[in-house]
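First, the structure itself, so that you have it in front of you.
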Amino acid sequence: MALRVGIVGVTGYVGEELVRILCHHPEVSEITAASKDFAGTALDRVYPHLRGHAEIEIMGMEDLGELIGRSDVVFLALPHRVSAPVAQQVIEKGKKVIDLAADFRLPEQKVYEEWYQVEHGAPALLKEAVYGLPELFREEIKGKRLVANPGCYPTSALLALAPLLKKRLVDRSSVIIDSKSGVSGAGRSLKLGSLFAECNENMKAYGLGTHRHTPEITHYAGVLAGEAVDIIFTPHLMPVSRGIISTVYAKLSSNLDSCSLRQIYQDFYADEEFVHVALEGEMPETKWVVGTNRCFLGAVVNREMAVVVSVIDNLVKGAAGQAVQNMNLLFELPENTGLQQLGLYP
Amino acid sequence: MALRVGIVGVTGYVGEELVRILCHHPEVSEITAASKDFAGTALDRVYPHLRGHAEIEIMGMEDLGELIGRSDVVFLALPHRVSAPVAQQVIEKGKKVIDLAADFRLPEQKVYEEWYQVEHGAPALLKEAVYGLPELFREEIKGKRLVANPGCYPTSALLALAPLLKKRLVDRSSVIIDSKSGVSGAGRSLKLGSLFAECNENMKAYGLGTHRHTPEITHYAGVLAGEAVDIIFTPHLMPVSRGIISTVYAKLSSNLDSCSLRQIYQDFYADEEFVHVALEGEMPETKWVVGTNRCFLGAVVNREMAVVVSVIDNLVKGAAGQAVQNMNLLFELPENTGLQQLGLYP
Amino acid sequence: MALRVGIVGVTGYVGEELVRILCHHPEVSEITAASKDFAGTALDRVYPHLRGHAEIEIMGMEDLGELIGRSDVVFLALPHRVSAPVAQQVIEKGKKVIDLAADFRLPEQKVYEEWYQVEHGAPALLKEAVYGLPELFREEIKGKRLVANPGCYPTSALLALAPLLKKRLVDRSSVIIDSKSGVSGAGRSLKLGSLFAECNENMKAYGLGTHRHTPEITHYAGVLAGEAVDIIFTPHLMPVSRGIISTVYAKLSSNLDSCSLRQIYQDFYADEEFVHVALEGEMPETKWVVGTNRCFLGAVVNREMAVVVSVIDNLVKGAAGQAVQNMNLLFELPENTGLQQLGLYP
Amino acid sequence: MALRVGIVGVTGYVGEELVRILCHHPEVSEITAASKDFAGTALDRVYPHLRGHAEIEIMGMEDLGELIGRSDVVFLALPHRVSAPVAQQVIEKGKKVIDLAADFRLPEQKVYEEWYQVEHGAPALLKEAVYGLPELFREEIKGKRLVANPGCYPTSALLALAPLLKKRLVDRSSVIIDSKSGVSGAGRSLKLGSLFAECNENMKAYGLGTHRHTPEITHYAGVLAGEAVDIIFTPHLMPVSRGIISTVYAKLSSNLDSCSLRQIYQDFYADEEFVHVALEGEMPETKWVVGTNRCFLGAVVNREMAVVVSVIDNLVKGAAGQAVQNMNLLFELPENTGLQQLGLYP
């Protein structure tokens, strides 16, 4: 195959990560990219580590028509609200779109507008969007033209929760998700809270009860469970560049020990290349997955409570890697194509 | 007052931190210190940042008799099991002892021996030890001669839980404590997991269901509640030198909103100098307390669940600072004497 | 004494650091502070770690008249160019001023204007400014009303160079200063290069041959030597919050060994409380000085070259601490008043 | 080709890094590995991030005969002194060896024994060892059977110095190399100075005048220059996991400006895939190369002094990557085979 891909919003961390993966993807023949900043600049001037790997001239946002025309599939690495109209433009030109923003993740326009406090930019498209978490919704994704790529926290949380919810092993009335993320999750824009001197040697919780990934996790947890699930989600900011570790707590409704619980996870994900269940005696660490499209899960029972630890790289399985996995699905390529890179340790 | 203090185990991080605080304590006239390593060396050769502040020659463990003789109170910054017999020696010489190890934290010898997998070194003393968390057990501490200084995780968790438990606001059947600690909590001994290249850019959970601070938290939570509390405790290791952030989840048994809950915390700790409740719109960060004896708490209600965030410096309020606070109590000094240092930001 | 101090630019890292030191300074009775941002806010809302230590309402820049009126001495923690006219205003009201910006560090207006690419804001004041590096220019500082507080890099470099230059031990034709700084040196303003994800796990050189501290180091090195010195200065950015380590290389003009060189340094700084020469077998580390007003120096001879390592905290001895040291000098207080805080380790 | 490779010392960071690269090397068919620790364990139990990439059972050191028998080439990632006798064993069995320790880097047995303070383990082999820095000694490496893989600091320094020395552009009497390294350079063994709490938020110089890479840099600088070069080398330890930045200072003997100097570097390395010269306006950062086999160089003229900045990943171009590059040369494969991985940013 000779896929031509477009990336809109290429100079953010997610856009750059898409380039990192796609420039070595064996079925991608051409990458076109645009950004509201740096138009007219070579991408390797913004990110010199790409020199010799990706020779891309950044187009401006006014050249989106040309970008779409030259692409079979377009990735949107844009802020929410900005994304939807661009998605519509791509769809109208008959191309496929993978949106890494939040605009098509929540099926209800009203819920989106409440949590994001903006009007939706393309409500008519909501009904045909599919939630691109391949391990859980693979069949629904195939053949679609608009994929809503999941948020980083929801990816880590839903992969941890799915076996519990689909197998109805837990009380759905108070599922707790305590997540800790690296700073790249906040993107490359200039915010006081993203400064080195503010984050380094610091740990904090934020967005308690108000983080916008809450309705996303709640909705898809409900889909998995077949009925409503009550989610308490607390994100924390930690001084690492990449990585999310989510620790999930849910009350078991039946009597299980750690060994049986681990077996349930191993069976559930037995055929998945990107989801690994930690072996007995192991508990996952983010360093095991940074730079890869993998998720490692560790599950134990502690006083009738399932405690599940999930680690991903927020920019890969939590964003760009999963988006490429979705592209592979859309174009009927083996799902791991271009996604087998090993991470660095240490 | 002209207190003479002894420190046994002075070259670990907790021992050093005791020196940092005590060498500027206005009522301390003399510090004697011993360590199994570095005997005969000047302490400022091991820790050059102390030069000019604390001129201390390190004694060997064979000189404990002399150290005890020269002290009014002895701090033990020793490994568990090693601590108890030294405590006994101090008590026998009629001096007071503040033990920063775990040997006297659990009142039941059997529970201690189960969790720590060693025989207790001085079981006869257990009955007169007092748990040195001044904000919660102040009156019990006064006049005692053996203080068991609390663990770092229990300090952060119990300060967060106390208002909920003492006021019987929550269901005691599944209280969850998700804690994240800096690496100094593992001490200065050589362990693979404490290497920079292993911890940096990494996040992990550990000791799920098996961490030795679990029975300590469970026991004192029970004391506060007046009946048994079921604790799920998950510690995590984060790449910072100092700091613990604990996020505590407990199901509210009555209807409260965030504002009322915050007020309950403010009232509960209104007279405490070292415990601060974050104002509306704030959520505590570890950088607010690093280097200080303070705890900041933030409390919100999220879907009928109390979510309380607690931050301390694991080496100060979680160890050496609290030990000095206990010393002040034992010697009827104002509790904040020598403990008003401001932390650094950034 | 009951000194009333004003701080203009209180919400930056240097301004905050001035508050941290001055709020526990035993001769300071009142602190008034202003900032262009956050006017009308309580300072502890911007920096909650100050709560209970410094109850200060931030004034706006339009209230400078009032601030100056209420102060005996005013510290300016402002950007260069903005500082000079405020200094003039303070002087005109008959108060003393300690300027932490660059406006009065270079005696020649032309040199300032070339390097900073702005017009000088108060050239008439240049002639009465004194360079506030007390260990090297103590007598000149006393009795002045306008102190130019040195830059952080120049402080670390000049303390390392002074014995070599004053004693004419080295060839002045190519003195090399290779400095490595933490990120707080770039301040709290929003810059791409100060983001956590850009700095963390990264090391870089910057400003080769163009950094604005170059003429400052060159000028005062010349003053110390009594003739022109040729300085090559290369700053680097390192992923720490605080600290500068400068490694200085200069060709010895006479035959010295490491032991004699160390002795020269010890003699030179024998009476200085804040400058320490590392003992034999030691080489200074930034952690030894972070949070303190100290400089540690280590000096060795390597193939006829003096190699001198100098460490300071860029926000303390490199900014706020030194400014308070200058204030103590101006008001004839013991120079170490309020500056004896010990740093944290680890 | 179906190369069978052996790795001795596989559980250290360099050994692991060899596996990371070789397990995806298209011409490598089999990896056998041994270690003194962890014999009998699966490698992915020690390094779970390798799970699914490299299924290797760790052999003990007593099985070296078998390992050598099954290999076409053996990599030694062992401590110095331990390495040489193993190299001899490999050579005697007629296989090729790439030694990542220091044992064969210095051609003079006496110099080695002076600096390393041990007897050489296989002095007879010294004469046939070749120094494996391909960009500078490519032709000498081809066809050899014993490659001494360069040290990490020497790689970064010699690539920076080569154009200056080979083209005789600088005064050889005082070349200064100021290097800053990440902590993984100290390996995975347990040392106080490698603990997170000791390195984090700290910067220090070490080994001034005594670091063992000094004679290595000095010797090969001399080879490049055609006559003796006087090297002053100062390493520093910085809180990053990976990366070395070396800043090199040398007095120019002729009149050059920055633009001409950069051109000289670009011409010198024009045909090299792994050495890049930063463009005008750029200065290299370690993040540009971490995870890759690349070196980026930046060169400017500052007051008649050439100042050259060089960045590499100490574990890749400074160790395992360069070793694989040498293997490619020995087996007449394209030099970049298996070495084109892109690094992560951020």
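Note that the chains take the letters A, B, C and D in the order they are written out, and that residue 1 is the start of every chain.
Heads up, the rule we're going with is that a contact is a pair of C-beta atoms (placed from the backbone, for glycine too) under 8 Å apart; a residue touches a chain by one contact, two chains touch by 3 or more.
Not measured: the values here are computed from a predicted model.
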Chains contacting each of chain A and chain D, listed by label: B, C
Any chain that touches chain D and chain C: A, B
Centroid distance [mean C-alpha coordinates] between chain D and chain B, Å: 45
Interchain centroid distance [CA atoms averaged], chain A/chain B, Å: 39
Chain centre separation (chain B, chain C; CA means) in Å: 37
Chain C residues counted as touching two or more neighbouring chains: 13, 184, 197-198, 200-201, 239-242, 284-285, 287, 290, 346
Interfacial residue positions of chain B with respect to chain A in the complex: 174, 176, 178, 180, 197-198, 200-206, 208-209, 230-232, 234, 236, 238-243, 245, 247, 249, 251, 283-287, 290, 298, 300-305, 307, 309, 311, 346
Chain D residues touching chain A - in the complex, by the definition given at the top: 13, 16, 20, 23-24, 45, 47-53, 184, 200-201, 241-242, 273, 276, 278-279, 282, 284-285, 287-292, 296, 341-346
Touching residues on chain D, where the partner in the complex is chain B: 13, 182-184, 188, 190-192, 194-201, 239-241
